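Labels run A, B, C and D following the written order; every chain starts at residue 1.
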Amino acid sequence: MKTVTIGIIGAGRIGKVHAENIAKFVPEMEIKTIADPYMSEETVEFLRRLRIPHIESDPELILNDPEIRAVVVCSPTDLHAEYAIRAARAGKDVFVEKPIDYRIDRVREVIAAAREAGVRLQVGFNRRFDHDHRAVYEAVRAGKIGDVNLVKISSRDPAPPTIDYVKVSGGIFYDMMVHDFDMARFLAGSEVTEVFAYGAVLVDPAIGEAGDVDTAVVTLKFANGAMGVIDNSRRAVYGYDQRVEVFGSKGAVMDSNDTPHNAVLHGEDGSLTSPCYKIMWDRYTMAFAAEQQAFANAILRGEPTQVMGEDGLYPILIAAAATKSMKEGRPVKLSEIQ
Amino acid sequence: MKTVTIGIIGAGRIGKVHAENIAKFVPEMEIKTIADPYMSEETVEFLRRLRIPHIESDPELILNDPEIRAVVVCSPTDLHAEYAIRAARAGKDVFVEKPIDYRIDRVREVIAAAREAGVRLQVGFNRRFDHDHRAVYEAVRAGKIGDVNLVKISSRDPAPPTIDYVKVSGGIFYDMMVHDFDMARFLAGSEVTEVFAYGAVLVDPAIGEAGDVDTAVVTLKFANGAMGVIDNSRRAVYGYDQRVEVFGSKGAVMDSNDTPHNAVLHGEDGSLTSPCYKIMWDRYTMAFAAEQQAFANAILRGEPTQVMGEDGLYPILIAAAATKSMKEGRPVKLSEIQ
Amino acid sequence: MKTVTIGIIGAGRIGKVHAENIAKFVPEMEIKTIADPYMSEETVEFLRRLRIPHIESDPELILNDPEIRAVVVCSPTDLHAEYAIRAARAGKDVFVEKPIDYRIDRVREVIAAAREAGVRLQVGFNRRFDHDHRAVYEAVRAGKIGDVNLVKISSRDPAPPTIDYVKVSGGIFYDMMVHDFDMARFLAGSEVTEVFAYGAVLVDPAIGEAGDVDTAVVTLKFANGAMGVIDNSRRAVYGYDQRVEVFGSKGAVMDSNDTPHNAVLHGEDGSLTSPCYKIMWDRYTMAFAAEQQAFANAILRGEPTQVMGEDGLYPILIAAAATKSMKEGRPVKLSEIQ
Amino acid sequence: MKTVTIGIIGAGRIGKVHAENIAKFVPEMEIKTIADPYMSEETVEFLRRLRIPHIESDPELILNDPEIRAVVVCSPTDLHAEYAIRAARAGKDVFVEKPIDYRIDRVREVIAAAREAGVRLQVGFNRRFDHDHRAVYEAVRAGKIGDVNLVKISSRDPAPPTIDYVKVSGGIFYDMMVHDFDMARFLAGSEVTEVFAYGAVLVDPAIGEAGDVDTAVVTLKFANGAMGVIDNSRRAVYGYDQRVEVFGSKGAVMDSNDTPHNAVLHGEDGSLTSPCYKIMWDRYTMAFAAEQQAFANAILRGEPTQVMGEDGLYPILIAAAATKSMKEGRPVKLSEIQ
């Protein structure tokens, strides 16, 4: 089997997720090196058990290694762009975690760097590779629902992040709904042209004091005439709630939440099923694996990636428009942002 | 609209169910008379509200009324055969509640009487007209699952009848599973040739002391090679549990339990749906109406009924075989009974 | 049993629905008279079969009949207010079909007339009495999901009305979404304070030429801080699609579409269930019956009705705000309308 | 992390499944050696990618290696017992694939050998570790359905094995239903005391010519008074169909089939969901991993295994009784076999 030798920059939460999934599920990838200047002993031990041969503190060892063909950038967000650009300039295909950057110009620089270097760029919108959302996407693309009229997305997290995180997150539209903006474009097969956002603080007043909202409903207009609506909440006590629905001229297709098992208990008070998954890593493990598999396949087959640089840019533009809409209390056209 | 003028003999529980359903849902039937020698004031009042013009104590007023074209026999079980035979001899089409009789010879007399008189005979196996079971039946008959390999039926009542009733009921196979024997023939499209029955007393020891079982599993062989299995319990705390499944060479079709509503409550402990119906009358109201509608249609269109005399006979034969099988601890062929 | 003697004004489509449902399902109501100046022979025959004693052309025979305690107004929409006011002034309790009127002042006059006459007024928002939506409502009111954060409503009709109807309908917000505005208030337990509406012509260009849209997404703000979102389409090929979802601090509750049966066919290509109901009358029969039952109970028990005059007013105000929002491309406060 | 060093004897289909699952999902196990005298180049390559250090042809290298603490026996069935006994005598904990042997005496020798050597013995009934069946089991054990009255198991394979395989398989009860016999004991929490079996050839006449049946329904009596019923078919066109249901005095718990995704397509003809998995490896991957994880945990924690030697013996006894029952056309007590 042909394999791609890769390096991973960053061994934080998401870096470890990718390292583990690649090691377990992506035989076409060979992790030669993972580098992070701040690794605990537990992290080193964890990476050793994955049999990664080089566990280093200096990312330069990846960027300068001619054997490494592709780089997976899992650094802190504010360094995403820098490492992506440097990896591209070193001639390596680049997978970069989302968001590429909160600054639109910086995102454009990354896209430009990859284009100039002639390397692949894939952005970490893993939900596109989730088995359920993917099946919805494929039904839409196969024409099973005809022309798309409406895209509906619910996305609710089990519990809010820490207030410290909220303060640096860029706000709910950049941090959380950005995934749904990507999903909306993906499912609609068209670009968003206008956005209207309502937000509220219903979960925790401290989130409001930090300048953010914790509940939001955003409506979208797409270039193809379709409409969209996304709702987000930072707290769903019943677990990770993520459902999509696409309605069209010939039907509708929708998914529901995965659960740890499908046993149903029938009792006097009704029939009880399992709660949803309570954490994202359980819900999306295989989606993280599938996005790396797709990255490997793109490289080995000489094809473009499935989530290209522009796919990293548009959700940021929409997030900017939504933020502006909520602040100004009016619909905002994407052309006002670009 | 053409209508059929009918009389109802018997105003007990099931007689009132038919009277009400015909009055509400079967415009093609006109109830002229209902007769029962033992009616409470509440019953009379109930029937009056249904605007039945003649509420009488003497069934002769129905049997001798030349305006009455069809008779619905809802008398106590031990009089079913007598009234059915007399109504047939009076030239009236006959709907008779199940079981026609526990004595096989007596059932044959009813069938013969109807044949000689040239009148229609319909037996009250209402579940054939239930929307869910009917949809399963229609999928099977339309060939959607190919050749039938296996019929599975679960049938569990919310609570056992009184011990007094158990003592005169003829036993679980005659009283309860007889519905499922009918359903099995209906779904398999073939006659049962052999039966093996296991029974147990797991719900209430008093049922065992009364000489019956309260839990039973019966396996069946059909003439077409298919097999069947039926389980019965006299108590399901979660409500009326009735499901059928037919498995064949090209697929399977199955139904589930109707519930009062389909709202789902998602909470920390899981997702909770409504309990099933807790009483048969809620579950099967429309099936009772539909069987009378079918009886009316058969008369008005000059067609045979959908549940003919033989359909009343075979389940009794199977019940006899099952009873014998359980007693003797061996499979029993239907030919041993006939 | 105590009963309420009623008269029905109007024997068009909805008048016949109410007459039939009351006759079949509401023993507490006695229809003495139904009056409509334009009845076909089929209509008269239909009403006769329901055993309604007086089938008249002149509504005055109802308004002036001292035996008639309550009036069900099913006239053409532009006469709703007039008949409701006259019935109230005649001292009769009034059930009036929705919308009371498209003109806000006229709605207020009806409310005032009922108040001055001291009679009950119930508005025909039948979906509040649907078993599924009701179960969602009851879970919310029982506190099972804690504080309401978000109300989501999908409402899609199988096929658009005629263009002639569209032209006089007042537009999608008055004609179709008005039901959902009522449902949103009902489920949120709070008044709408602000509305933002997107609309599009995606189903039939002729609807656009008639000055209306056929697809719409409306977001709502409620006084209690919750948000709402409603989507409407004039065409869903898979049938009548009506689902509600309420999300709150302790959970979520949602319903799904009723179907004619629950049989599932498992084949090589997947598992196929029944389509949804294709027409409203099948879907909501029992809801129409239940709203009349509730009207009868309110009268007999001396209680207020469950859908009072103000409940008829607010959805019209919201429809006005949504229409204005779509036209002006900005969120509109309800206070701008009042 | 503490780990167990293991060797795998046999690199056929199931040996590779275990090797891959252990390598990916069981960090507590270290595969030192896998040995099989007949390995293709593809197999060697596959095992190399799993980074197994020693890929050998001679199983003695495992049995004689003092560093190896536990052995996973995946040899051809007729060598299961021999390798299990030798591994036990070498002082190693033993995981042995099912069936241990078709000969009851031989199974007893394996159990005795493990007991004498004081080593653990785990039998490969992987379905006990499936997430859905496990959730049913846990609900039963937690008392959520009260006393067990009835266990129902459906188990249908997508397609029959080759006729060559059928001829040496020992018959459907030993080869296929043996899993369900284990599951029945597991769920009932009681031993089977009596069996009645019906079998038929409905899928492929060649199976009948080979002396076997392809469709079977078996009813069971348990020592605790409960009853059971299992149906098997060698062909289900809609995929791998495996469902269990346990009914008791306080409720019922049941599972359904896993599918590759949960997207639902709503169209004119109804709502279509994904087909079930079409092959066992997709359906039960995580169950294979979980049984090895449980084996590792038992060793590391010094606890007994969850599927002990007797658990390997009883299903074989039940298979023998079922085979005898079908042949002789009568119920067979387990005491007749033992």
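Here is the rule we go by: a contact is a pair of C-beta atoms (placed from the backbone, for glycine too) under 8 Å apart; a residue touches a chain by one contact, two chains touch by 3 or more.
Every value quoted in this text rests on a predicted model; they were computed, and no experiment measured them.
Novice: Please flag the chain sitting at the greatest distance from subunit A, going by CA centroids.
Specialist: Farthest from subunit A by mean C-alpha position: B.
Novice: CA centre of subunit B versus CA centre of subunit D: separation in Å?
Specialist: 42
Novice: Subunit C to subunit D: how many Å between their CA centres?
Specialist: One centre to the other, that is 57 Å.
Novice: Residues of subunit D that contact two or more other chains, please.
Specialist: Each of 237-238, 241, 250-252, 266-268, 274 in subunit D touches at least two other chains.
Novice: With chains as vertices and touches as edges, which is it: line, ring, star, complete or other?
Specialist: complete
Novice: Going by the contact rule set out above, which residues of subunit B touch subunit A in the complex?
Specialist: Residues 237-238, 241, 266-276.
Novice: Please output the residues of subunit C touching subunit B within their complex, sorted ascending.
Specialist: 1, 24-25, 27, 45, 49, 51, 131-132, 134-136, 139, 144-145, 250-256, 258, 260-268, 274
Novice: Which of the residues in subunit D come into contact with subunit B in the complex?
Specialist: The touching residues are 147, 149-150, 152, 154, 156, 196, 198, 200, 202-203, 215, 217, 219, 221, 225-229, 231, 233, 235-238, 241, 247, 249-252, 329-331.
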